[in-house]
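Letters A, B, C and D name the chains as they come in the text, with residue numbers starting at 1 for each one.
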Amino acid sequence: MNELLNVGEFLDAAAAKIDPAVWCYFEGGAEDEVTLRENLAAFSRWQLRPRMLVDVGEINLETTLLGATVSMPLGIAPFALQRLLDPGAERATTCAAATAGALAVVPTLTSYRHAELQAAADGPRWLQLYVQTDRARTLDHLAEARETGYTAVALTVDLPLIGRRERDLRLGFAIPPEIPLHYGTLVDVDPTLTWRDLEWIRAATDLPLVLKGIVTREDTVLAAEHGVDGIWVSNHGGRQLDGVAPPIDALPEVVEAADGRCEVYVDGGFRRGSDVVKALALGARAAFVARPIAAGLAVDGEAGVSRVLELLRDEIALALGLLGCTSPEQVSRAHIQRALS
Amino acid sequence: MNELLNVGEFLDAAAAKIDPAVWCYFEGGAEDEVTLRENLAAFSRWQLRPRMLVDVGEINLETTLLGATVSMPLGIAPFALQRLLDPGAERATTCAAATAGALAVVPTLTSYRHAELQAAADGPRWLQLYVQTDRARTLDHLAEARETGYTAVALTVDLPLIGRRERDLRLGFAIPPEIPLHYGTLVDVDPTLTWRDLEWIRAATDLPLVLKGIVTREDTVLAAEHGVDGIWVSNHGGRQLDGVAPPIDALPEVVEAADGRCEVYVDGGFRRGSDVVKALALGARAAFVARPIAAGLAVDGEAGVSRVLELLRDEIALALGLLGCTSPEQVSRAHIQRALS
Amino acid sequence: MNELLNVGEFLDAAAAKIDPAVWCYFEGGAEDEVTLRENLAAFSRWQLRPRMLVDVGEINLETTLLGATVSMPLGIAPFALQRLLDPGAERATTCAAATAGALAVVPTLTSYRHAELQAAADGPRWLQLYVQTDRARTLDHLAEARETGYTAVALTVDLPLIGRRERDLRLGFAIPPEIPLHYGTLVDVDPTLTWRDLEWIRAATDLPLVLKGIVTREDTVLAAEHGVDGIWVSNHGGRQLDGVAPPIDALPEVVEAADGRCEVYVDGGFRRGSDVVKALALGARAAFVARPIAAGLAVDGEAGVSRVLELLRDEIALALGLLGCTSPEQVSRAHIQRALS
Amino acid sequence: MNELLNVGEFLDAAAAKIDPAVWCYFEGGAEDEVTLRENLAAFSRWQLRPRMLVDVGEINLETTLLGATVSMPLGIAPFALQRLLDPGAERATTCAAATAGALAVVPTLTSYRHAELQAAADGPRWLQLYVQTDRARTLDHLAEARETGYTAVALTVDLPLIGRRERDLRLGFAIPPEIPLHYGTLVDVDPTLTWRDLEWIRAATDLPLVLKGIVTREDTVLAAEHGVDGIWVSNHGGRQLDGVAPPIDALPEVVEAADGRCEVYVDGGFRRGSDVVKALALGARAAFVARPIAAGLAVDGEAGVSRVLELLRDEIALALGLLGCTSPEQVSRAHIQRALS
């Protein structure tokens, strides 16, 4: 593993190691995968504007997310079925995050119980929530999350229906029945959820609420008006509606519409520290990664995830320093521009 | 056939099955095929803006075209010489459309008589019309259409001359003499047809009139002033003048110029449900497909066409739901944007 | 030859037939050949706006160039050393042009004497002029041109120095000494020629004067102020300064700056009739081609050139008709637009 | 060597000759090398606007840099570890520059002592300075530079930290211990250097001061306010922060912000004389090259560097002449434009 120099090489190593009929689930996107590809390509059309002759002798990546301190502006995005890649699964990713001081967002489709994760890892955790058609099950889920130390709920709003992922269909991917899913499944996600249901969630838990999957200014305004605490710009890694803007391109309009009323996060296509720094420059408080973490998990379990986090942390610090900044807070809109077309 | 996951795979299967010297006719475009390629590529430069937290528990694709109800905003575009792909030919495509509740537009170059199609299929049908140099023949054709249940005439206006399709020339494609063409041929299309002749058509039939092949605001204004009922934005699938804008890019100016005075349809390069939804967002009332239908017909006759329509219907429904809409009418200009360049 | 369907296929056939160490001279461009490639690629970023329901039963390509009638808005650009491709050389190209009723522009570097060409071909001819350092030789040349029926002089102004064509250097191309060059050579072109020398040319001949190689509005204004009769937008086929705009992109600013004070022509990358029609739409009175003619000459001498002219004439007529025009004069700025970026 | 026609071929020859584990250091860039590639690609999106009928019989490339006359507006950029390519190393490159009358910028990481270079080469030299953490060492370095005939100091400001160059990591590149580095190392560069330290440098030397590595208008304004004599637009050849604008694209904003208060230079991706002329047109006083020089050095030591300089000088002169200019001073903003997108 030590010879893997960057996230891209981790992804290649994972693809070489894991059964293609399994890896397809983690790697693939919806339909023609236009959005999957654009999520990556979009970064190169944003350029950093580095400032020189700034004392960057000490760089501190610490920041806060909804008031809690984390060691860097990068967290682990939730992704399902981690058990398919390594038996450690969500326990491994959560522990690696805790060791790194990074935020882990635990998926509804975890094969570990939340108490097990709490016992294993003493770090900041958010719960990713899919509201199930059986609402009582979701209420139980929220209660259990409250009891097991989660500090926020990230409600996924971009999966009222399941995107058409043809790699899975082609290779016959199916969730193995032996994987326990304690808190819900994709097929039972409630497609009728609306803005009014946010009040129901608010009534069910006093945890801060983040909406994951917003990509427009219109929904940002609605979210702010509904008092959400955070907006997570995402197109679900290109796995839902194909033909949506890359999150890094959608970020500016969301940040502008949020107008400081809530924190803004982003995921989708982040592979380098400089990608994270671009997100900071466009107004995100943090970025999240899933596939890079899946690759680390596949390559070497918890140690692999730790190594991926370490690589990205080092790249973020380097990019920050070369940009002429010593902390995430110093990165501003003046540090980024569109490439000339 | 069941392993074919999408329209693209149907096209590949058709290309593998049908004699290249025949398939070239259906697949190819004019000259350098710039427009043929751009028709497809243009879709990825339009991005959907999905809205979240909308109840999409029930999605209804029904809409009306010139007042008649159809099951979805996608119809079968007319294309000639279907007999070359399957003996069922226009009967198969028309029946598949009827079964799906979709609109079928029957070509002038059908090898079935209109009465045969009427007898076989009880669904909405429009007649695609090429005005022949022998105008009497066209009058007879219009009269026969009126008697056989057609509900509108789609006059093709972008073929005063036949485009130069070099694939056909290279492979020596020629229309086999045993294919009966009862109502006209391409070489007899009248190149002198003008706006004044619309009055002559109006006098010959009381069916609603659609102009197929308009791509400019200027012609849209003329069409509206001449009282046409529908405008069909099309560049004839890239088979006529090479170097014309993709229909999805020409659509906005036509919709704006039409200004609600007539319905607007579009064809050209549609391969995915999300393509159709993009057309709706830009103001089209429906999209039409020809090559995907040709592929279905080639692969498995009527059943193949039915499967293609089913795939597209499912994709449209999914795209609609993921966009946060439950019907075609809800899709608006606010649901689409140009990609950042 | 009859199986060659278009100019591109003629070019391929020529490349396959002619010694690479010779063909490199005709095919190549300067340095990295960025301009050579862009000259071709630029056409696809301009889109035609076809108008429908226009009577195109009769299409007439005739136009006038400096008052003389030609059969189409396409002429043969001058190119040197035609003898390397076919013994007929300039006689073959000039005769083919005359047969087609098209304008031929005869190069200074012809291996035939002007009187021989006059005797062989009874068609419109312009003389392409390189002013030699030995000005007396140029005066003789102009006098001979006047006596041998030329109707205009196209002074090449973009070759004060010879562009660096690395294909030639790589393959060791050199002008064979047995080729007679009666009127001048490239190495003797006078690099000190200025606007003031136009008066000297005007004094030496009463033939209309065209400047070949203008690409800016600034030089267009100067040309018009100096009373030239025509401006020929060209970057010498990408053979001089690499990194210059494609002529089709430079055309609009030249046309605008000329403001009707002189005719405007264009060459560079024309391969299709629709390319010529785009030039007309942007305000050119005619387009010129060299490499397509060289290919025809290489493939089958005069007959090959005739066939290339015939193919292009047919394509122009078809493009004109499909655009909704019946003559070059009808093509307007409203018939073209930039592609969406 | 004589068969190498241009810088690109020199680079290929060097890559073929030098051990890949060594050449990687010279060839590679940071991380994904987006900037490395864009530095090259950016030139083709700027187009030259050549003017015709200008007397270019005599072209003189001479110009001045900070008041000193040089034979052309192209100099040798500093690059480290030249000894890895040829034993002549910095002595070879400095001598070749002197022979050509071009400016050589000698790197802090030279393996020759400055006095040796002074003795060997009688040409204009600037010192490239990395301020070391041990400031006394830098003071000594500046004093030695003053005594050995340097006429300016180019302070590198874009390497407070060392960029992540993965080619080196992959191939295990390390600086051989036998190479003497008398004046400093990369790992000892002081990351705490700020604008205030410019005063300290000013106090330590009366040589003119150039800042190398500026890419923004903001830093340009600061530099001008701090009275620097020159600004060198550079992203360190794509070796530091990946994702920065190509220097040729950043040049206009720097030139505008400098507003004539100091000279502006540029490096990054220059491979052709026309690239240099584009830089002049955008307001640079000179361009610098490093990899082309490294390639010349690798191919044939001092003679190779001389040949590269000769090739580029000839290309610059040719480009200048074809642009209608006879000296660098004549090239203006009117000679360049963005390509149409």
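Going forward, contacts are C-beta pairs under 8 Å (C-beta built on N, C-alpha and C of every residue); 3 or more make two chains touch, one makes a residue touch a chain.
Since the structure is predicted, the reported quantities are computational estimates derived from the model, not experimental observations.
Engineer: Give me the step distance from subunit A to subunit C, shortest route via touching chains only.
Structural biologist: The distance in steps between these two chains is 2.
Engineer: On the document's contact criterion, could you list the chains that touch subunit B and likewise touch subunit C?
Structural biologist: Expected: no chain.
Engineer: What's the rotation angle, in degrees and to the nearest 5, for a C-alpha fit of subunit C onto subunit D?
Structural biologist: My answer is 90 degrees for the C-alpha fit.
Engineer: Examine where the copies subunit A and subunit D touch and state whether the two sides share over half of their residue numbers (same) or under half (different).
Structural biologist: Different, since most residue numbers here occur in only one copy.
Engineer: Relative to subunit D, which chain's C-alpha centre is the most remote?
Structural biologist: Farthest chain from subunit D, going by C-alpha centroids: B.
Engineer: Taking the mean of the CA coordinates per chain, how far is subunit A from subunit B in Å?
Structural biologist: Subunit A and subunit B have C-alpha centres separated by 42 Å.
Engineer: Can you give the whole-Å distance between the Cα centres of subunit B and subunit D?
Structural biologist: Centre-to-centre distance between subunit B and subunit D: 59 Å.
Engineer: What are the residues of subunit A that contact at least two other chains?
Structural biologist: Correct list: 341.
Engineer: If every chain is a node and every touching pair an edge, decide which shape results: line, ring, star, complete or other.
Structural biologist: It is a ring, because the chains touch in a row that closes back on itself.
Engineer: Which chain pairs here would you call touching?
Structural biologist: A-B, A-D, B-C, C-D
Engineer: Enumerate the contact residues on subunit B facing subunit A in the complex.
Structural biologist: Residues 5-6, 8, 43-44, 46-57, 272, 274, 278, 315, 318-319, 321-323, 334, 337, 339-341 of subunit B touch subunit A in their complex.
Engineer: Any idea which subunit C residues touch subunit D in the complex?
Structural biologist: Against subunit D, subunit C makes touches at 31-32, 34, 38, 42, 45, 157-158, 160-161, 163-164, 166, 169-170, 191-195, 197-198, 211, 213-216, 218-219, 222, 240-245, 249, 338, 341.
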